[in-house]
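The two complexes that follow have chain A in common; it is paired with chain B in the first and with chain C in the second.
Right after this comes the complex of A and B.
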């Protein structure tokens, strides 16, 4: 598919990201900017108990408060709406937008109060009296897995949502053959992306046209389908406006429960209704928490450090409801061996319910935790053998000539050149110099450590994990679409059919179409029609849009170009293959005649008598693209997951005072290969942001629950985010190994940086504390944990000496 | 989250007078920080309405107080439970009253509580210090109850 013969003019060039202008100037148009006449506002009342029966709800005082219009309970909404979508085949794990009969986590929404203003709605919510009868609860993942634990959903019978064991290859044989084994446990703490803009949604019902209009800060596949199903209305009665800017997401903007609440209220009250979460709503119940996972890993290797086989048990705490959280154990199956030639894998994926907030998709869809576990294993093998951590990675890497490379779990990696990327990073960073710097810092009495991570970013997202983990699901289609229209005056308009949360899709589509049509991308308008005017698509998830929207735009532009060429050949009286297309103009080498862009447009729009037989007038094309390589259902627990695999290699130097334990990242170098880069600014922004996100995940951010089921980190005073103090200057070393499966050789980069930085930073901290004979096996590694562990190690040492 | 409280205070009054004061809803209403009203609903059972602020959150709290194991005038157990916009909580404490020199009485208290909701989520870092502060305000007010009008004027 690659178009290697034409030198690229706009793709990969240093061009401005067109969306940035409006964001930097404060001219984005977010859901809170949508002005609707007669708008009512919603505030929600959270449960204070992790588990309790709702005995009674008394809203009489709330309804007497100024401005209050209505108080919606879970009982009423459950009669009017279907339960929310459940990815697994667990029909008794029902989820409604507001708690029905029972609350299942502290913070769960119990009633929604509607008023003239949000402030009045909040005041009203304070007056709603709910009587609870506390019930037993379970918070800890291992406890939840125990079949004697209190089920969060009694009708389901246990807390186990998913427990699947896959064996890919001859694991037992490989373990028996290998002279050395080691095993360990690491834990990934529950964190998220905490976007600046919380989730918000506004809905309006027009009974005369029977249309539900929805504006939302959304990033979710099949959003309008889910609204229609939940509200039991035809899908063509739902109109989602996609020209709403989304102020951050990376997976978590999945506000279906919020949307069902306001949509129901808009129909019930005959007025537009809006719910915009405040930070507390968002943190404790915005369905925005990420994976919460314990890994037990065992690896079999030889004395040269070659890792032959791996057993991994991943126990994930999905929180109170199923949703799509368990699938975050499935996607990493597509890169379960990382960049290494591990020959066989046994993988047990377990998802349990608990009385924590429901888990949702977060950047990487489970891949960053898995990469952390794999990279920890490689570090431990190196330590066991006394080998250099980079040397051991190089020994285990898949070699560039081995691609496409089939991993044991059924995915074929497209391309890569890991050894070259590592060599480039080592040359850039002066690895030997970096080690000397570490040792000099240690000689000064400081803790200093080098961290290394090599990992993959599977990209081009489809949903193969759905049929893999749910036999009832036969979905193999996961398309994205693009339409191009050249108007009667010759201007080009490209449509994309999703919202964007900062990924620069408008720049992407314009760049690709401009490249193919050889016209200035800045002259191309990119619009987002509403969902009723949209072609099929699955929204920007799974690091897919460079591949999928880029691919759809490419193919649509090719179709348009072919139509122009055919139209021109008819004018010249020659065959199409003789036409030379250049910069929007066509010529025929046998004649001096030339047709300009404007002339093609004029013929297509106004001279039907000049069109070839059977050609439709106008210049309009569409293309619906299926995910490359995604053409069949899983077989025997094996599946081709994502088509493309970007590579990143992190090298980090961390230093801190042993008494204080506050890590400072002194050097951060990342080697990054995402194939052909379409816009370098977008890729750079993704990588830097991803590393910042990973610093949060590894050192700061966690949704902490105490043993009584209360969430202790609801505000930014307790849930700590990396700031300019923590995020260092990052040096990016580029490399390009094109993918054979995409139109320009591009791969995904929406999760870059994040997928490896937690592993690298954890490795650096553990290297730094290794002189004390300790290590950390849980993220985030907070300052207090570091200083306490060092103090304890010193105390033990003194005790032994005395 | 769990909360432990404990301590002792010296009050400038007799054991009997302190016992009477601690069983008087009117005195308690004046002394408990944020207490708007305290109504006896049954012997040794009271309904309380409070208005409190903890860190960035403020709100109302409706609760019940029960006294038990009373051994006048020496000791008593107290159980507090309630809920409101701030969160919910319940706790038990034991009070022991003993003479402490001339004209003074020592009140020793020890208890545990469990707190949930907004207070636990937003205020947990400072909850221990806030509870100490609130207990401190209670005893400041309680001491004032026993200061004579003359000493008050002098003060």
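Right after this comes the complex of A and C.
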């Protein structure tokens, strides 16, 4: 399928990212910048209780406050709107944008107050009186799994949303024949991507045209479909403006409840309404927390360290509502053995509700926690056998000649050369030297450790986990589209049909179209029509846009080129295969005739009499691309998940003072192979940003709930994001193994770095504390936890000695 | 209450509640929406503006407190519409951003650093931007941007006070230095005989 002409002129070259110009000038157009005449503002009133019955709501005083227009309750909204969609077939786990009858987590929104300004709306919200009757609640995952626990949704009967066991291959046999086994538990703390821009949305209803206009900081597949369903209006009455810049998302900007609230209010009040979360709203109840997962892992291996089989139980705490959270246990099935030749796997995926905020899609969609569990297993096998951690990985890696490689759970990995990437990293970093450096630091009385992680980034954003986990779901396409129009003056405009949150999709589309048409990408305009003018698409999720938008743009440009060639052949009176297309001009070898770009444009736009039979006038093409390799529903619990698999190999040296325990990353090297890179600046930025995010997940960031069900980390003072001090200089070692399934051999990179850095950093810290005979089995590993554990270990040792 | 603030060299007047932050006033009353709200509690730096040349959190300051100071927002940095300052251009050169939300604050912070320090070390840069959180980039390309800008500023012959406004003279206004400079597209002239065809 790879049919790109070589050499590439624009693809893979270090060209600037066109979006950057507007942002450095402060000219981005974010949702909070959308100026609407007569705009009203919403503030929400949160519940203080993790679980309580709403006895009464008294808004009379609030309504008398200056500037206040309206107070919306959950009861009213529930009559006007459908419950929000669930990924699984769990009809009794109903989720409304505002609590109805009962609150299910501390911070959950109970009423929305509308006023002339946000400040007035907040003043109003303070005056709403809600009487609650506290109910029993459950926070802990294991407790929630216990069938005797209080169900968050009594109508559902229990807290279990999903409990499914898959067995791929001969697990029992492999365990029985393996001489060695080991098992352990690790926990991935609840964190999120926490973009610097909170979620925001503005909506306006035009009753005469029957159009709901929506501007939102959104990154969500089928966003307008969900709005239409929730509000029970035709989808062609919903117009989402996709030219709104999104101030970061990395998965989480899925504010459907916020959108339903403002859309309903805009219709109800006849004025545009907006809700921009403040940081507290966002942290506590933006419904944007990530996976919260306990892994119990058991592996069977031999004395050479070859891992034959694995049993994994993943218990995930979805929070108070279902949404798409359980699916984040499904996606990792597509890379459940990581880069290793593990022959069989038993996987039990459990998702439970609890009285925490609802979980949403986070960068990697569950893959980073799973990679952390797999990599911990490999480290432990190495330790059990006294083998080097890199050597053991090399022994278990799939070899480059074995691709495409079918893993037990049904996905065929496209391509890779893991051994070469590792060799390149080791040569670059001087692994032996790094070990000496660690030992010298230890000799100085410091804690020093090396961390290693090898993992995959499944990319291409197919949604096969939906039909895999939900039998009622028969989705087998997750398409993306592109349209190209050459106007009557010869200028090229490309349309893309999604919002972006910093991924550089305009640059991507222009580069690809410029490459195929052999014209300067800087001359190509890229626009984002609103959703009513858009072709089918699924937004930038699952590291899919290089593959899917890049692929759609490629095929559209090919169609356009084919039309030009056919048009030219007709002028020359020759067959199409004789035409030479170069730089927008065509020629016919053997004749001196040539048609320029302008001449093709002119014929297509003005000279119908010169067009070949049956050709439509104009120069406009579209392409709707199906996800490569996605062609059937799951069979027997096996499915082809994503089409492409990027590889990353992390090597980290961490050092810290044993008394203080504040880890400093002294060296960070990553080997990265995402196939053909379309824009090197963009891929580099994704990788560095992903690593920074992983540093946060492994050392700093967690949404902590206390035993009373209250979230303790509600601001940036408690929920710490890595600053420039915490993120080291990162050295990237490149390798390119093209994917056979994509147009240029490209793979995804939107989650790169993040998928392996938590595992690598955890490994480094555990290596650093290994002389004390301790290790950490939960992320994040906070400074205090490190110094406390070391102090405790020392005390025990002294006691034993005395 | 009525206030008049000097913003980007111009005197601007507004009637605001005393509790209104400088950030909200800049955005809502002066429509200078390049300053962003990230946390509104003084941690993230998305709201950074320069007050008498020093990076400051506009979310932590009331508009009424800003009277009498020179305020510079990101809108005041570009030398002319469509033209970038050296620092802004350097962020484009190294792709020192992704979503752009932290970027105005970052650019202003970098600008202030380079006003004080011609030749900042990596540590100086890391320290200077450590009060601005970027969730996208991991800071690597931001540090590179500041280093690149410092280098270019040092190489210009202008006195320091004039440099920040100086666009690199060798730089085309659009497309950057990797643009081909000439496109293959030639506009069709519809009104010429035979539609402009030879």
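Heads up, the rule we're going with is that the second predicted complex is superposed on the first by the 800 of 802 C-alpha atoms of A that agree within 3 Å, B and C clash if a C-alpha of one lies under 4 Å from a C-alpha of the other, contacts with A are read in each partner's own complex, and residues count from 1 in each chain.
The criterion applied here is as follows: a contact is a pair of C-beta atoms (placed from the backbone, for glycine too) under 8 Å apart; a residue touches a chain by one contact, two chains touch by 3 or more.
From a predicted model like this one, the values you see are computed outputs, not experimental measurements.
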{"item": "Touching partner for A:30 - first (chain B), second (chain C), both, neither", "value": "second"}
{"item": "Partner contacting more residues of chain A (chain B vs chain C)", "value": "C"}
{"item": "Which superposed partner A:87 touches (first chain B, second chain C, both, neither)", "value": "neither"}
{"item": "Contacts of A:338 with chain B and chain C, given as first, second, both or neither", "value": "neither"}
{"item": "Partner chain in contact with A:488 - chain B first, chain C second, else both or neither", "value": "second"}
{"item": "Chain B versus chain C as contact partner of A:504, first or second or both or neither", "value": "second"}
{"item": "Partner chain in contact with A:710 - chain B first, chain C second, else both or neither", "value": "first"}
{"item": "Partner chain in contact with A:671 - chain B first, chain C second, else both or neither", "value": "neither"}
{"item": "Chain C-contacting residues of chain A that also contact chain B", "value": "715, 717"}
{"item": "Parts of chain B lying in touch with chain A, wherever the complex brings them together", "value": "1-2, 56, 59-60, 83, 85, 87-88, 114-118, 120-122, 124-125"}
{"item": "Of all residues in chain A, those that touch chain B in their complex", "value": "46, 48-50, 106-107, 126, 132, 280, 284, 706, 708-715, 717-718"}
{"item": "Parts of chain C lying in touch with chain A, wherever the complex brings them together", "value": "17, 19-20, 27, 31-41, 43-44, 46, 73-75, 77-78, 84, 88-89, 91-95, 97-104, 107, 122, 125-127, 129-143, 174-176, 178-180, 182-188, 190, 195-198"}
{"item": "Complex contact set, residues of chain A against chain C", "value": "13-17, 19-28, 30, 32-33, 35, 119, 193-198, 245-250, 276, 278-279, 488-492, 501-504, 518-520, 522-523, 583-585, 596-599, 601-603, 605-607, 681-682, 684-686, 688-693, 715-717, 721, 723-725, 727, 729-730, 753"}
